[in-house]
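Chain naming follows the written order as A, B, C and D, and within any one chain the residues start at number 1.
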Amino acid sequence: MSKTRFDGKFGDYGGQYVPEALMPAIEELEDAYERYVLANEDGFMDEFRERLADFGGRPTPTQYAERLSERYDRDVYLKREDLLHGGAHKLNNALGQVLLAKYMGKERIVAETGAGQHGTATAMAAAHLDMPCEVYMGERDINRQRPNVFRMKLNGSEVNPVTVGRGTLKEAISETMRDWATNVEDTHYVIGSVVGPHPFPAMVRDFQSVISEEAREQMREKAGTLPDSVLACAGGGSNTMGAFAEFVDDDGVELYAVEAGGSTLDVDEEAGVAPNSASLSTGSEGVLHGARTKLLQDRDGQIMESHSVSSGLDYAGVGPELAYLVDEGRVRAVNVDDDAALTAFHRLSQLEGVIPALETAHAFAYLEANDEELGDTVLVNVSGRGDKDLESVIEETAQRDIDIAPDMDAFAGGF
Amino acid sequence: MSNPELDAAFADGAAFVPYLAAGDPDFESSIEYVEALERGGADVIELGLPFSEPIAEGPTIQEAVVRSLEGGMTPARFFEFVEALDVDVPLVCMTYYNLIYQYGDESGPRPFVEKAAELGLSGFVVPDLPAEEADPLREACDEFGLDLVFIVAPTTRGDRLERIMEQVSGYVYVQARLGVTGAQDDVSGQTAASLDRLSAYDVPKAVGFGIKTGDHAERIVEGGADGIIVGSALVDIVAEGHENGDDAATVAARLEEKARELKDGAERGLAQRAPQAERT
Amino acid sequence: MSKTRFDGKFGDYGGQYVPEALMPAIEELEDAYERYVLANEDGFMDEFRERLADFGGRPTPTQYAERLSERYDRDVYLKREDLLHGGAHKLNNALGQVLLAKYMGKERIVAETGAGQHGTATAMAAAHLDMPCEVYMGERDINRQRPNVFRMKLNGSEVNPVTVGRGTLKEAISETMRDWATNVEDTHYVIGSVVGPHPFPAMVRDFQSVISEEAREQMREKAGTLPDSVLACAGGGSNTMGAFAEFVDDDGVELYAVEAGGSTLDVDEEAGVAPNSASLSTGSEGVLHGARTKLLQDRDGQIMESHSVSSGLDYAGVGPELAYLVDEGRVRAVNVDDDAALTAFHRLSQLEGVIPALETAHAFAYLEANDEELGDTVLVNVSGRGDKDLESVIEETAQRDIDIAPDMDAFAGGF
Amino acid sequence: MSNPELDAAFADGAAFVPYLAAGDPDFESSIEYVEALERGGADVIELGLPFSEPIAEGPTIQEAVVRSLEGGMTPARFFEFVEALDVDVPLVCMTYYNLIYQYGDESGPRPFVEKAAELGLSGFVVPDLPAEEADPLREACDEFGLDLVFIVAPTTRGDRLERIMEQVSGYVYVQARLGVTGAQDDVSGQTAASLDRLSAYDVPKAVGFGIKTGDHAERIVEGGADGIIVGSALVDIVAEGHENGDDAATVAARLEEKARELKDGAERGLAQRAPQAERT
């Protein structure tokens, strides 16, 4: 994680696999990243951190979880990103990028969103910084995530439906890249995770690493020690890299990226469907959305449709740096299935009074594995809150037999 | 390091380079469509091998990609497609890097290029592969004697332009403007500037993005292009035929007619280029 | 707000107008309040403040609002209680009371809730502290606020429908009092605002006064000065008293309690309906839910049905201390109508990237009054976030002509 | 400071004190019902003046309050109701403090008490008015010669009990148990303890909360109560009649019958009290 000039590669991963029309913008961004983010030119990082504090609510606490600690017979601490403005870690990145766009003299931002979490965070940041914002969102996702669409509009953003293909996240990313390619001179593309071409993976990690920066300090204060292990769910991997970054050099700290195992790790090659989103655990190397990384792809290299009970993890790729750290043995890639994640969702809600995002619930589900190597002190990143997931939880819980879940009869069919 | 076939295709100075997605909307019709393009005057044909995430394409071609993939197109089928084609003009495969990279057992682009060479393809356009990442593919192309076409955008200047022009062979794909839609007027504007920047380089310049009519073609060639690349305007015809349930022969005829309009336009443009000074 | 023994009266307001069966419990609570809260016995307040920090996310920031400041040509600061766990100031009180119940050796808590905000905060605190919890909620409110009902159940609380009468907040309070009266020996009643019999108004104020304690300090740091005025919406008045408490002795700071003016301040005596909830502005002295205070009542003393676009302000009474401070001239009672509140909701969402609760929006609406006396530096308490209100906003915006609102057509009929 | 009427009512040691909400479900029927209670043997009648927030009542009486308010009951109508009643037994007004406080132009309880005295009411029970807040009402009652009944709960002990017993007059309302439902057995248990604590005080003790049958009444009086207060069991009859659309006379007859059952039970209890020692 050294913050000196580097070529955008993490081993063989990373790079800049983008249409030529975008290359100048990417070079401009690389330059801005180096100047403003890495070298704090014009006090960019100071302003960013100040806004994160005042507008975003940082620092978020690291909380000792009494009842989980009892259950697992180890000390469990929670890094409470669910308390960040907007309800997830996403704002760390969105605010950083929108502010950077301002420093770069851009007059407009675009962003993609799947379930709407990154879109809402970007819309909030854009309103706060008075920056016109358009968010691309697949039409199917728009219909599934209407409250998030509404929130973006309330913040003054435009939401552009993407109708091509299946109308989900992947198509929205393509469409946003196309907009960027068209309006590259005055527009910045606020990507939603540690994915895409360099410098996005490194830059998004740097914006998110405030998570581990704080948590490391807070663990020292509260536990008097660094954790033996850090758990974070991994979709694209931004909360993951954010929670890991400052611990990477601490050899005694095991890092666990918990992926969405979906319904099964088996892949339907024929249908081109992976009923999971476990790119690190089951994917292979390839090129997607501008970077070489681990992917869910069929033998030909076509990207597979991924699946997860949590839409924020439902992505066929993963950040290149995370892929690299897993290959290097620094990060352990593990996964839990939909059932385990839902059960963990209910458990955390009941035991700790924290209703987590379904994404986040994956990290907690891995506590059940009772993995020896988790050690005595575990830090779990609560990447977001679950308010956005209540409808899904009703639907998905009703389909399963989760003994700790409350009676769902009164909620059959949603609200 | 140019392949003689592509050199020849651009020799007359007004090459017409149409694009279609192979297998759109189905294998058999698509064969007929590609052959119709040759009849209509194509000098080179860009054949799209569809990738599931076509980040560089506008909606028209994205939909073509979806149709083709739903019709069962795969890299293996693509090669069968090329084999089944009865055309004499050079074929350039347009696809995304991941498909090239994953082909065959050995990892890296070599097996794909080898297979392409075997089937007589002349080169590649890979829109998501910038010059910086192109070395492995470049090397395989050199090994098998294929060309590697690069796209130059209106925003490509200075160092980047240098780096690309060092790698390019066959022809350079001059992107007429940013994005996928817009009025013809500013197209000409940006095109002229691009052609200007490229004038020092001795490689054919084919201009694409947004060319839809013989008139457009005429003006582009008149403006100094060595050829025109036309995709969406042709894919539109395929899409419309598919939606209306027209039979393949009818659609093929329309494609041939459109191709001729474009080729004729290009030639008119060329004809007007030399005497341009005299006209005033 | 001196923290020495007092008789539960604020002038003539306050007192303990409750059934005899509750008096022993109230005396026990008074005793516990004095020992644990006022005298910090057994380190109660230390534990409370620590849990508020780690679990609740305190301190919440005080943020400079650039775009509002521009609009109003004064410095506007936001106290961001919307960032508290659960999304509103309510947790300050709920956590305090549930913890107090633990210190008192109670084995069970009950609470009433109207829109569900206090119920969800209490359910979260109860899960966190491993305390069985039952929440009474009117059946009509249950049907209108299903996501909040679901959240309480997720946290392991029982939600008991109250079917008597109109099935709203007032009935829920009566029913909770009845449960308390029945199970008084092992049960604590966690009341939701600075209302009810002594010691509730004083105790809830003390739990909430962390808001002004922080804000006062933060204003000194950020603005270098105390604010000229503090604005807070007032329903029962808990966020209000919390935002005012530490400023009461600062003579230079004007305190504004912004009430819900509803559709009009005129009262339909015949129907017993006040189309507003402005008890301070238009109510009269009376006795309700255990305390003497300002009320919306008809000539006979029957409590009127109140109305507000924001369900959290929709209450016919107000905390006795607030009524007293208004009579004393220390607090100015003002009000804004439904239209103004909705407009302010949209304005804040767009200008600052903060989607407020509809309750909170009332405080912001008063900024439009452009009242000279607001002075150069204004602090507004953002009592909660608006996620809970999205459906209402759709419905209410559609009925009005609010020029700054985004186009609502796509959302007609809700999500 | 007791009012002679209430003293007399409790004189025989087994007073039956029924409660009904005035105006439930309508003015006229309610008049008939109250009169039926007297025929059935009531010694004192507690007449409820409904308040919109009856925090001390169980669901049965809450619903009665709703019916009465919907029927147009107000303090003014309540006084008309009292005037219209043709009964000889003492009437006690049961209501909440806010209604008493707001009545008339002058603020405070005096105008309400004055009016009540004018109409011959004997006293008040005000469930949300604890002894600590009762001075103004107590003073008005003294001025006009009315009694102020207080409730003593199973949890009322020590100082609180003292304070209440200093204020009480007419009779003390002994709350049989906490809450509004529960088995008869523990009622007797808690009642016995309460009566025990109260034995030193020279004021009639009427026990209420949950008494539903003659048997209950018998046991309570046998246990030492000077009277029984019965509300919900009677209100249930009104509610049922209202739901079924029965005519007022039929409902009144049922009330009279129930009243008699309760009064008879109370008298049996009294009869058994003295010879209790002999029985074994």
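The definition used in the following text is that a contact is a pair of C-beta atoms (placed from the backbone, for glycine too) under 8 Å apart; a residue touches a chain by one contact, two chains touch by 3 or more.
These figures come from a predicted structure and were not determined experimentally.
Asks: Could you find the chain whose CA centre sits the greatest distance from that of subunit D?
Replies: Ranked by distance of C-alpha centres from subunit D, the top chain is B.
Asks: Counting only Cα atoms for the centres, state how far subunit B is from subunit D in Å.
Replies: Computed value for the inter-centroid distance: 96 Å.
Asks: So the centre of each chain is just the mean of its C-alpha atoms; given that, what is the distance between subunit C and subunit D in Å?
Replies: Their C-alpha centroids are separated by 37 Å.
Asks: How many angstrom between the C-alpha centroids of subunit C and subunit B?
Replies: 66
Asks: Counting only residues that touch at least two other chains, what does the list for subunit B look like?
Replies: In subunit B, nothing touches at least two other chains.
Asks: So which bits of subunit A are touching at least two other chains?
Replies: Residues: none.
Asks: If every chain is a node and every touching pair an edge, decide which shape results: line, ring, star, complete or other.
Replies: line
Asks: Which two-chain combinations touch?
Replies: Every pair of chains in contact is listed here: A-B, A-C, C-D.
Asks: Contact residues on subunit C for subunit D in the complex?
Replies: 15-21, 23-25, 27, 164-165, 170, 173-174, 177-179, 181-185, 272, 285-290, 295, 297, 299-303
Asks: Can you list the residues on subunit B that touch subunit A in the complex?
Replies: That would be residues 51-59, 62-63, 66, 69, 74-76, 96-103, 107, 127-130, 132-133, 150-157, 160, 164, 175, 178-180 of subunit B.
Asks: Which stretch or stretches of subunit C touch subunit A in the complex?
Replies: The contact residues of subunit C facing subunit A are 53-55, 57, 60-64, 66-67, 80, 82-85, 87, 123-130, 146-147, 149-151, 153-156, 346, 349-355, 386-387, 390, 393-394, 406-407, 410-411, 415.
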